[in-house]
Structure formats: C-alpha cells, structure tokens
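Next come the structures, one after another.
The same subunit A turns up in both complexes below, where it pairs with subunit B and then with subunit C.
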Partner chain A sequence: MSVLEYLANGLVFSSIIVLSSIGLSLVYSIANFANFAHGDTMTVGAYTALVTFGFVGTLGAEVLGLPLGFFLALVVGVAVAAAVAVVTHKVVYEPLDVGSIGLLITSIGVAFVYRAIVQLGFGTEFIEFQIPLLRPIEALLPFGIRMTLHDVAILASTAVLVAGLHALLQYTDLGRKMRATADNPSLARVSGIRTDRIEIWTWVIGAGLAGAGGVFLGLYNNISPRMGFNILLVVFAAVILGGIGSVYGAMAGGFLIGMINQLTPILPRLGQEIPFVPESFGIPIGIEYANAIAFLIMVAVLLVRPSGIAGEEAT
Partner chain B sequence: MVSDDIGPNRRDVLKASGAAGLAGLAGLAGCSTTDDAATDTPTEESGGGGGGGGDEETSADDGGDGDDGETGPYAIGMVDSLTGSLSAFGQRNQRGKDLALADVNDVGIGGRDLEIVVEDSESQSQSGVSAAQKLVNQDGVPFVIGAVGSGVSLAIYESVIQGTDVVQLSQNSTSPDLTNFPGLLRMSPTGSTQSTALARIIEEDGYDSVALAWVNNDYGQGLAETFREEWGGEIAYDQPHDQGQSSYSSTVSGMANSGADAWLFITYQPEFTSMAQEAYSNGYEAQFYGADSVQGSDVLGNTPEGSLDGMKVVVPSAAVDQDNYQNFASEFESEYGETPSSWSAFAYDCVVTAALSIATADEFTGAALQETVRDVTRPEGEEVFTFEEAMEVLGDDGSPSDIDYQGVSGPIDFDENGDPIGFLQVLTVENHEYVSSGTIEG
Partner chain C sequence: MSVADGARDWFAELTRAEQGVVGFIVALTALLLFGLVTGGLAPTYFLYLVGLVGMYVLLSFGLNVQWGYTGLINFSVAAFFGIGAYGTALLTAGNSPVGADGWQFSLAGVELVWVSGARLYGLLPLTVLGLLFAVALAAAVAFAIGIPTLRLRADYLAIASLGLAEVVRLLFLNQRDVTNGSAGLRGLPGFFDGWPVLGTLPQTLPGVQVHELQLGIPGLFTTRVLGFTLGAPFWQALLNVALVLAMVAAVFAVLRRVHRSPWGRVLRTIRSDEDLAEALGKDTYAFKMQSFVLGSVIMALAGVFYAHLNLFVSPGDLEPINTFYVWIAVILGGSGSNRGAIFGGFVVIAIREGTRFLGEVLPASFPLDLPLVTSTYATIVNNFASTRLLAVGVLIILVMRFRPQGVLPPQRELIWPASVAASAGPGETTPRETIDEETTATATATDPEAEPEVDDAARDGGESDE
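After this line comes the complex of A and B, so read on.
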C-alpha cells in the first residue's frame, strides 16, 4: 500500500480544512475575535446546499461526476452562509461592546443557535446529498491512488476559490482595502477607507468560504448538525499554526494539519515507507491520536515561531 | 502597555482556576470519605456528612408527597440521547417510553400517575452527568432511567448514583463493563454476548483473519476486548477511532492494508456509514460484520445500493413471539407508522419495570425501590405480560416476588450483576435490506 494513497486522502481533507481556515483567519484579522460560530456556519452552508440540491437536483450535465445542479447548490450554500454571517454581525457582534473575549463567548452562543435551528429543521440524524457515490478513477489505480471524481472536484474547486481569493486580495481595490484594514484599522479609516463596509465584505468572504467548506465536507463525508462543530478544533489548530489573522498562513496551516491528520497511519511503519531509515523504525501511535498529533506539531511550530508560520506578515 | 495589562489578568485567571481546582479536589475528597464511611460502616450511614444530606433530601420529598395528599404523580427521571450521535436511539426510546407511560397511566399506580422528567445527555458523558445531577439533586427523583451510551451510563453511575439509594436502570447500554457494577441495572443484554456471537459467526463463515475497527469509548473497548478473547483466529487490524471525526479514510485504508477479508465494525451508525462509503469509493471489497450499533435504516439510506450486501449484524432481539410484544408492535405502528426496534422495547420495559417497582415498594424512596426493582421481573412469581395484568395479580398489597414481569423485550430476569438475559438476532443485508437469518441466545 502506497504513501501516495494517504497523500491523496490528505490533499482532499486538507482542501476542506483550508477553505474553513481562511474564513476563520480573515474574520479574526478584521473583526478581531476567534469566531466559534465558524464551524456551524459551515453546517449552515451544507444544509442550504442540501435543500437547494433537493430542488434543482439533477439539473444539467455532469461535471466531474457531479450534476451542474450541485454547483448551483454550492453557490446558494455559499450565499446563504455569507448572508447569515452578515446578519449575525449586524444584529449581534456589531452592537456588542464587550471586547474580544466577550465576542468569543458570544460566538459560542451564536454557534448553538445556528445548530439548534438546523436541528429543528432537519432533525439530529445524518444525511447525504442524493448523489451516487463513485468508484475510484481507474487510471490512477496502478499508482496506488484511490480517488474518485468527487475528490478531484473538491480539489479543483478549492484551487479555484483559493486562487480567486489571492487575486482579490492582491489585485483589486477591495483586496487592498481589506489588507489595509486588517493591518491597521485606525490608519485605514483616516485615509478614507470605509472600514465598516470592508468588515462586511470580510464576513461575506470568510463565511462564504466556510459555507463552501461545509458543502464539500458534506460531499466528502456526510451532513449532520454537528459536522461543522466537530471539525472546528482542527480548523483552529490550522489557523493558529499558520499565524492567526494571516490568510496565506491559514492556507499553509490548513494544508499541513489536513495532511498530518491523514498521514498518521504511516507513523507506526515509517521505516517501510521512507528510504534511508531502518526498516523496523516506526512511531507506535494509533490513528485515534491524529488530532493530538496535529496539535503537538502546532505547539512545536509555535515554540520556534511564536506567531505561526506566516505571523506578523500583513495579509 | 498592553502586555502589562495582560499580566495581572492572566495571573487572576490562574488564581481563579487554581482556587476552583482546589475546591473541586476538596469536593471530591469529601465525596470519597463519605463513600468510605458508608461502605465501611453501613449502620452509620445516616450519621455521615454526605449521607445525611442525601437522607434529608429524600425525607423532605416524602414530606412534600404527604402534603400533596398522595394524589400528585410519582416523578422519576430519564436521561436520554435526544441529540448527539446516538439520537436515533434516543428518539426510539422516547417512543417506547411514551407508549409505556400511557399504558401505566391508564391503570395508575394506587390511584396516582407516573411522571417522567426527561433530560438530554447529548450522547456525551459530561452532559449526561449534569442531566442526572439535575434529576437527582434538583428534582429529587429516586429512580433514573439512563442512559443510552455505555460510557454515559457509567459516568452517571460513578459520579451521581454510586453511594446513594437512587436506582439507575440503563435503557440501551450494552458494554460488558457495566457487568462489573451490580448497582447499575440495565434493560439491554450485555454486548459481550454480541462479541461471542460475532466471533462464532465469522468462524463459521470460514475466515481465519479479521480486521477490527472499534469506537474509542467504553462500549467499543468492552466489545472489542470480549471479541479478542472469544476469537480464535488472527486479528490483522485492531485500531480504535474517535466518534464524530470528519474523515475515516485512515481507518478504512488501514483495514484494507491489513489484508483481512472479514471486516468487523464495532462503532455507531454515522461513523460506520462514513467508513462504508469510504470503502465503496476506494473500491475495497470485504465481508462486513457489525455489532448492533451499526445497523439502521439511515445506514442503508446513505450507502450505495449493493455496497453492504452480505453484511451480517447481530442485534439484541425483542420477544417477538410473545403476545405483549405483538400488541406493543401494533400499537407502536399505529402511532408512529413503523415497526418498533428493540431499543423502543427496552425503553418501554424500563418504564413498566419502574412502575412495578414503585407499585410494590413500601414508600417512594430510592431505598425502598432498590428492594423491589429486581424482584418484579424475576421468576418465582406469577408470569405477567402487561402492567395491567401485573396490577391485577398484585391487588392492594402484593409483594414484588408475587409477579415475574415478562417484558416486550424479553424475560428480563436481572441477574446478580444487574444484567438481563437476552436473545440476539442475526441480520444479513440482502438487496440492501436487513433480513433475519436466525437467532442466537445470549
């Protein structure tokens, strides 16, 4: 069995983590608090896509094993996740004058509200997109890689979204204003940037990406009211590892954490997989500690670089 | 400036948490000394600090009941998985409970109704313990039905029930570990019978190597341990996994790497569904086996047609041949539009057993119920099949040994460890449906 298969698994899982980490980090950079409702924003996106997909269903041709209706559902999921986050921002976070710890605790409450509403509407049981599961792509099997077209779709969509965000941040007016606001809100304001509008845009983009991450997580695994909350800790690890507040750090952190999570089964038989190491070498650790290992590596990186991989750099 | 501000804050937080920790330790110490006193010198129980508190509470409750003129309902508690990964079980429990409550209150217990205060465990130990604490300390119930997950039931027993007189009767926990706690009763037979049956079935099917994936909690550990003892062949893969993970691809590829052709899953429905999907989309083929907790219509509904065909699952079975089960099933069907699962039957029997123990007890206290709860279901007495029948046999002043309640889930007959005897049904997936392929006795 090849390392390639684990790497492939890792890539797909990383994509989902990357999408959610970016949003979390973006929101932190501008709103200045760790948003615990971020995971449940993913859940909101996933359920919205589920409902939309129920209506549009098998509309249109198939792309990468997914009907076009799915991509439409993805867009609606992203839009609703963004809208819900903006409304929450306007109604809850903005009027509150409690500092970042107060906002953090508030966001936990918001997370419970999101989840409760989802549970009221859909019950507590898990559910699937009504898309037939695919078998692995034949052409990749000789290399020991078992990926379905759906996995490729997740990877490709993530790449498009990340590239789009990069272009937005680097080459557009809005992107420059967002970076300026993240860097120094007061200075941005006195130089004429309407920071409150920028803040709303940040929520739209951050929550939208979370919504997309939620939809893909639903496609990759299944949809349940706890899906977003369950992955939130890992996403936090990714964001902190990358340097909280930094978008590119979140990408790197998300990628690393996702990979580590999926590569854990290799640890007990490292010697057989890696050249130049004695055959019998291995770290005897079970896969149930995958998240613990991710956090250990996070701590190790923070000891060397206290502000994370890309900390201190302006996004 | 900023760091200056943070310094004292942090220190304050540390101080506060340290103080809280000390308080917690002190609290624990208090508890354990009370426990010791209670176990070492049972006669002095009421003299002990904590024990005294408990007694006061129950007597206060008695007073309250007296003031009500003995007309108010008997209130008992139930900790159930209304949400969380075991919520499918929780929902079935609630249906069984509601039917049982209706049947009990049609007859009444000496002219009084039975009332059940339901609290949510969220399928987690912590929330389960707080739910039980609320029931025992705030509502003052002497009888707690709970919980679904074995880990939750044990946590509740160890941190709330043990050392008090309160009766705990778990509706659905099947971990073999619970056998070691005779004070903790349960309605569902121990899962070790499942492990034994699974080992036998896999061997009969001609496999000598098996890959075993188990959920990392009391339930999974307990069943996996019994399976290792009972299984004669090789275990090529033996790894736990945590609940509620976003990806189980490592578990599935690990099982595939092991080379074993028989895969045994001791986990829950959402987790197993993820794994089955993962196996399908990775193109792995194996003969699947599973404990009762991986079986359910959600699993079939969310896995591709044909991907589970041939899978064998053992499930605790209700007493399907008995009249009272058939009545229960038809009542259940007319109410909810589907056939009951054994999990509903267990919850039903929990409520009826609780009602019978109240009916035969001298007074409505934990100590009195402890005396009666086991005897109402054990042989010697006249076999009764419904609550109504039992109340007729009991008359005005029947004793618990006059009746032997035969539940809709089976004969119950709690043994000295608080475990019932039970039947197991072997289900095979054919054309993406569960088909019964025989029974095994536990």
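After this line comes the complex of A and C, so read on.
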C-alpha cells in the first residue's frame, strides 16, 4: 500500500475520531467532567442505526454508494444516542451531589450499563451493515489510492456535521450561550442564561456527534459491543492533544491522532517513504500497538504541554 | 457476663451500617459453610474462594491508598495486578520464555548469581525473587505514569491510567517472545515450592477422611452431608489461604499505622483540599507519588498471590472489568476506610460467584409464559457475563447516587486509640495535632456524614477558582 493510500485511510478514520472527540470535549467543557461513557454512546448509536437499517435498508435511491435508508438510519442513530444521553443526564447525573470526580466515576458505571444492555440485546459477536462492498473509485487508482464511495460518504458527512457545529457555535444564539457557559458558568447564569437548558443541548449535540461517529465506525470497520470502549483511549488521546474542553482543539487533535493511528504500518519503514532520511531509519513498532502510540502521544503531551493545542490551564 | 452477652453488647454498640455489614458477612459465611457441608462446594474450592476474597481485599487496600487516602483516580488496577502476576510468572513459570531457572552470572570467574533447582544461590526460593521482581516492576511503572499526570488535575490521571491499562494488556498479549502471548504462562510453582518445611508440608500432612453423615427426619426426608477426603490439594489450598491472610494482615497493619501518621494526615489533607496542603508547605506532588507507588505495589502483591494460587496467568486476567470490581469494593466499602475495603472484597466475591451460581441454579426459561418477561428473563439468565457487567455498572451508579461515602466510611480508625480512650478533648493533644485535626480528622471522626461534604466543598471551591 502506498503512503497516499494510508493518508486517505487516515483521513477517513480521523473523521470518526474528530466526531467523537468533539462530543467528548464539548461535554467536558460544559458538564465539567470526563465522560467515560462517551465511547459506549457511540456503540448505542451504531446499534440503533443497525436496527433501523434492517427496516429501511432498501429504501430510496443510492447516494455515494449508500441507499438513502442508510442516511435515515444514521439520523435515527444520532437521535437515539442523544436521547439516551439526555435521559442519562436527567436520571443519573443531575440528581448526583458528588462533584466532578464523582461524576467521572459514575460515568464508568453508565458505560457498563450501556454496554451490558447492548450485549444482552445483540450478543457479543461482530456484526456488519448489510451493505454490499464497493469497488475502489477508478479515478483514484492511478495515484495508488484505493478508496470506496463509502469512505467519501463518511468524509462528506463529517465535513457537513463539523461545518454545522462551527456555524452553530459561532453564529447562533444557542452557540453563544454554550460558549459563555463553558467559559464561566456562574457568570453565564447571572447574565440570564438558563445553564441547565444549555447543558441538555450540550448532551444532545455531544452524544449526537458520538452517535454519528459510532455509525461511521460501524460502516468503516464493523459493529461490536466493545467498539466504543476500545476506541475511547484514542478519543481521549485526541481530546488531550487538542486541549481538554476545547472544541476546535478536539478537531485538530482528532485529525492528528486519527492520521497517526492509520499511519502506524509505515512507521517501521519511515526511511524508505520520506526523502532526505536514511533508508534504514524507522520506528520498529507493530500495527497491534496503534492504540499504544496514541497513549504515548497523550503522555508526551501531558509532560510537555498539558494544556494541549488549544486548551486552558490544566492544573 | 457470658460470651453471648458480650457479643450482643458489642453488636449493639455498632452503628446501623456496621450491623448491616456484620449481618452480610455472617450470612455469606453461613451460605458458604452450608454449601461446604451439603457438598455443593468442594472444600478445596471453598478455600480457593477464601483466597480470592483475600486477593480482592489486598487490591482494595491498594486502591484505597490511592483513591481513598489521597483522591488519586487509578483506572489501571488490573494492569498493576497483571504486572504483579506476570512479574513473578515470567521468572518462575514452567513455559516462560525468559524463566530464571538455570540463570548464571559470573564475573572474573566468580559466580555472583546462579539459579538452579528453583533456588537462588541454592538458598533463596525463586518465588521470593519473583515477588521482589514483580513489586519492583510495579513500582517502576507507577512512578513512570505518575510523572506526567500527578502534577495535573485528578481527571488526567484517570484518563492516562485507563490508557496505561490497555497498553500493558497489549504488551502482555503481543510480546510473544517474552510473555508467551495469549496462551499465557502456565506451570507456575506454588508460592512455597522450594521453601524449607513449608514447600513439602501439604504432601507430608496426613489425608483426613471426613465421613458422610445422614441427617433428617426418618420417613420424611433424609439428606447426606459431608463425606469428602482432605488430601494434599486441600492442605495446599489451606497454605495459600494462610499466605493471603498473612499478606492482608501485614498490609493492614502497615496501612493503619501509616494512615494515622503525619504522612497519612497530609494525604487526607491533599484529598480534601490540595491547595491547603500546598499552602502549609507540603510538596503535594511527592506525597501523591509516594501514595500512588505504595498503592500500586500492594496491587502487585495481590497479583503475585494470584499467580501462585491459580498457577496460570494470561492476558485475560488484565481485562478492565477487574479494575472496576475493585472500584466497587472500595467505593461501596467506604473510600479511605480499610474496614470498608475488607467488606468490599467480600461483596465482589458475592457478585462474581453469586451471578455464576444463579446462572447454574435458575431454570433456563421463565416458568410462566408472559410476553416480554419470558424473553427478557431468558436473555438475562443465559448471558451471565453481560448480566455481571450490568450489575457492576448499576452498583457503581447506585452507590454514587445514594451513599457516596460508602457503607463503612472511616471513623474511629483515623484516631489514635489512646485519644479515643481519653476522649476528654483536644486539650490533651499537642497543639500541632490540634491544627491537623481541625482541618481533616475531626470532621471525619465526629460525624461520618461530614467527610463527603467537606470534599465537595473543597472541590467546588477549587473549580470556581479556575
């Protein structure tokens, strides 16, 4: 496989990480705790889409190699992930009186409950969307890139969602209120912002994006009850690299971590791929350690610049 | 006063929660003994379970040092446990690619280190070497992960330690040339193999035949009880239980002493208000690091015990769920309370074995044919791994919701027994101690409910400053 192809793959995987790390960072900045149930929220979105797709899969014309039914399933997955998160917020987090550390520990319990319910309902096997695999796009083959229309669909959808979030945060009333609440909740409250409603909207948007990330992860790889928990480490690494609590930092961090994750196979033969570097140069690491690289980056960021690319003070 | 009166008085003096805990432990022990007597539980397996309780108690002690005393969130309990188990297994396991048997190291013709016949220098048992190696490895890893995270807010350690757990698991799974990969390491010796006397004790002890008894009312029902032979495996298991009890007792004694010492007081101050501790001139980073390493070493000890109990370790032992069993034990028992940690160890075994037992005992389908109920019942009964996960998750949420301070929050154990006896008041203590107690100890000592509130106030204050 060529470097360009790895980069293309990295772009697709990055999209998934970007979607989920934005949600995690958003929830962190407003609900004020590290939500360990975020990965399992992705799983919830993926399984909801799977079920919905079973009903409406054949519906409609094809767009980007996917039936319209898939996009309907995506919307339902996003909606259910958001609804589940809001219900969890109302039933579990809101009545708690334990501070942000207590919320963090509780979120682990929530994560287990989500995953256990998914396992009870669907078993622990890997499942795939019943969508026929596509041939790579012919026009890109001369460049050594094997990319299917499905990958393009993931990229395009992510671009739409990220642009939409940017517009929401910068140009709407809700976005301004969210930024104000993230900045200083007490000041926002005395200014007349109903911060409790803003918090619910945060959960809707954060969990919705996670749900979308989960659906795309299911389309990109496959679906299993542990998919979200397994990717949580990578998502956290992205959020810390970007600066915890910063939405735009999470985009940058998600992009970088996703890229590096998919570029792991060329690390051992780095010298052959990059000009002006000795042929024999390479970082000897196997692809089974792709997640470990994300961890090492996280540790390095914490050592050198704990506030990340765009974050606030970390201490 | 008879023994019964004494017991009743003692029971009446306990708080409501303590009475409940005593009741729970008595009931669980009675249930286990019932299983033992009726033959539902083989004696060796019974002792194995007791050993596992001890192991979870040790793990809970370790987490208690980190989370309970100092407020450090460690989500890699399973990793340090695994490091302990693999640390000793790598040196002692029969199929270990880097086993220590046959090691020689000589310098200028003088043999400095040699291992043969499972002994170091022909004297020191290899398992002791394994224990020391495991503990050193765990301390080194804890130190390494502490450097980037302990200067930062508490949630960074939570995130990084979750990552560490995954990386350690990946390493043990994938470094086949060292760890034998997913096949795991088998053929470990028992901990006392190679020891003088204790090594061969189980074989030399005589087998005991416990005769079968028939109980019951003639004509109505009869049941057969007892009727098993206690041979070498039983004595071996008993020896393991003695080992874990010794470990638990030693760690408990050390922790109790440490907890009441000035060092322990600084840790509790850090937990409730780190800024205050720094304002008092304490190097909180150093204190947090010491506490983190101490806790991790205790977890590794539990791992060492497990490796020589199970005689087999595999990467499956490092699953994240094991971390959260220990979390349940600590937060349910009462963060910062070692009595609570002991209680928590029992609860974990009750969850693990209870769900397994229910899975075997309950009928596979619901007796009545109701819509929804029948299918839900079948799903839950037939997937006990998932049900256990559900139970763990629900329990974490319920504890945090309804009793965040745990069932047995630390009370009297924070105070020197002498000052309890002379409870005339703070006038008898030195001025220095009075200051410390005002900040931390008295709040927890006089009112069990007070501690979480102090913590919350401190945390809320800290957050609004940012």
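Criterion: the second predicted complex is superposed on the first by the 307 of 315 C-alpha atoms of A that agree within 3 Å, B and C clash if a C-alpha of one lies under 4 Å from a C-alpha of the other, contacts with A are read in each partner's own complex, and residues count from 1 in each chain.
Quick note on the criterion: contacts are C-beta pairs under 8 Å (C-beta built on N, C-alpha and C of every residue); 3 or more make two chains touch, one makes a residue touch a chain.
In this text, all values refer to a predicted model and were calculated from it rather than measured experimentally.
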_Should subunit B and subunit C be called a clash or a fit once both complexes are overlaid on subunit A?_
clash
*Report the partner of subunit A that touches more of its residues: subunit B or subunit C.*
C
*Partner chain(s) touched by A:Pro95 [first = subunit B, second = subunit C, both, neither]*: second
*asked:* Quick check for you: in the superposed arrangement, does A:Ala34 touch first (subunit B), second (subunit C), both or neither?
replied: second
*State whether A:Phe236 touches subunit B only (first), subunit C only (second), both chains, or neither.*
second
*Check the residue A:Gln119 against both partner chains and state whether it touches subunit B (first), subunit C (second), both, or neither.*
both
*Examine A:Ile283 and indicate which partner it touches, taking first as subunit B and second as subunit C; both and neither are also allowed.*
neither
*asked:* Just to be sure I read the superposition right, which of the two partners does A:Thr106 touch: subunit B = first, subunit C = second, or both, or neither?
replied: second
_Stretch of subunit B penetrating subunit C in the combined three-chain arrangement, among 99-107, 135-143, 243-251 or 333-341_ = 135-143
*Share the list of subunit A residues that count as touching for subunit B in one structure and for subunit C in the other.*
119, 123-124, 286, 288, 291
_Taking the touch rule as given, give the residues of subunit B at its contact with subunit A in the complex, in rising order._
82-85, 87-88, 216, 239-242, 244-251, 253-254, 256-257, 269-270, 273-274, 277, 280-283, 298, 301-304, 307
*asked:* For the complex, give me every residue of subunit A touching subunit C.
replied: 32-34, 36, 92, 95-102, 104-106, 108-117, 119-121, 123-124, 186, 229, 232-233, 236-237, 240, 244, 286, 288-289, 291-292, 294-295, 298-299, 302-303, 306, 312-315
*subunit B contact footprint on subunit A (complex, rising order)*: 1, 5-6, 9, 13, 16, 119, 123-128, 132-136, 141, 146, 148, 150-151, 217, 220-222, 224-227, 230-231, 234, 261-262, 264-265, 286-288, 290-291
*Residues on subunit C engaged by subunit A in the complex (per definition of touch)*: 71, 73, 75, 145, 147-149, 151-156, 158-160, 162-164, 166-167, 170-171, 173-174, 320, 324, 327, 331, 379-380, 383, 385-387, 389-390, 392-397, 400-401, 404, 452, 455-456, 459-460, 463-464, 466
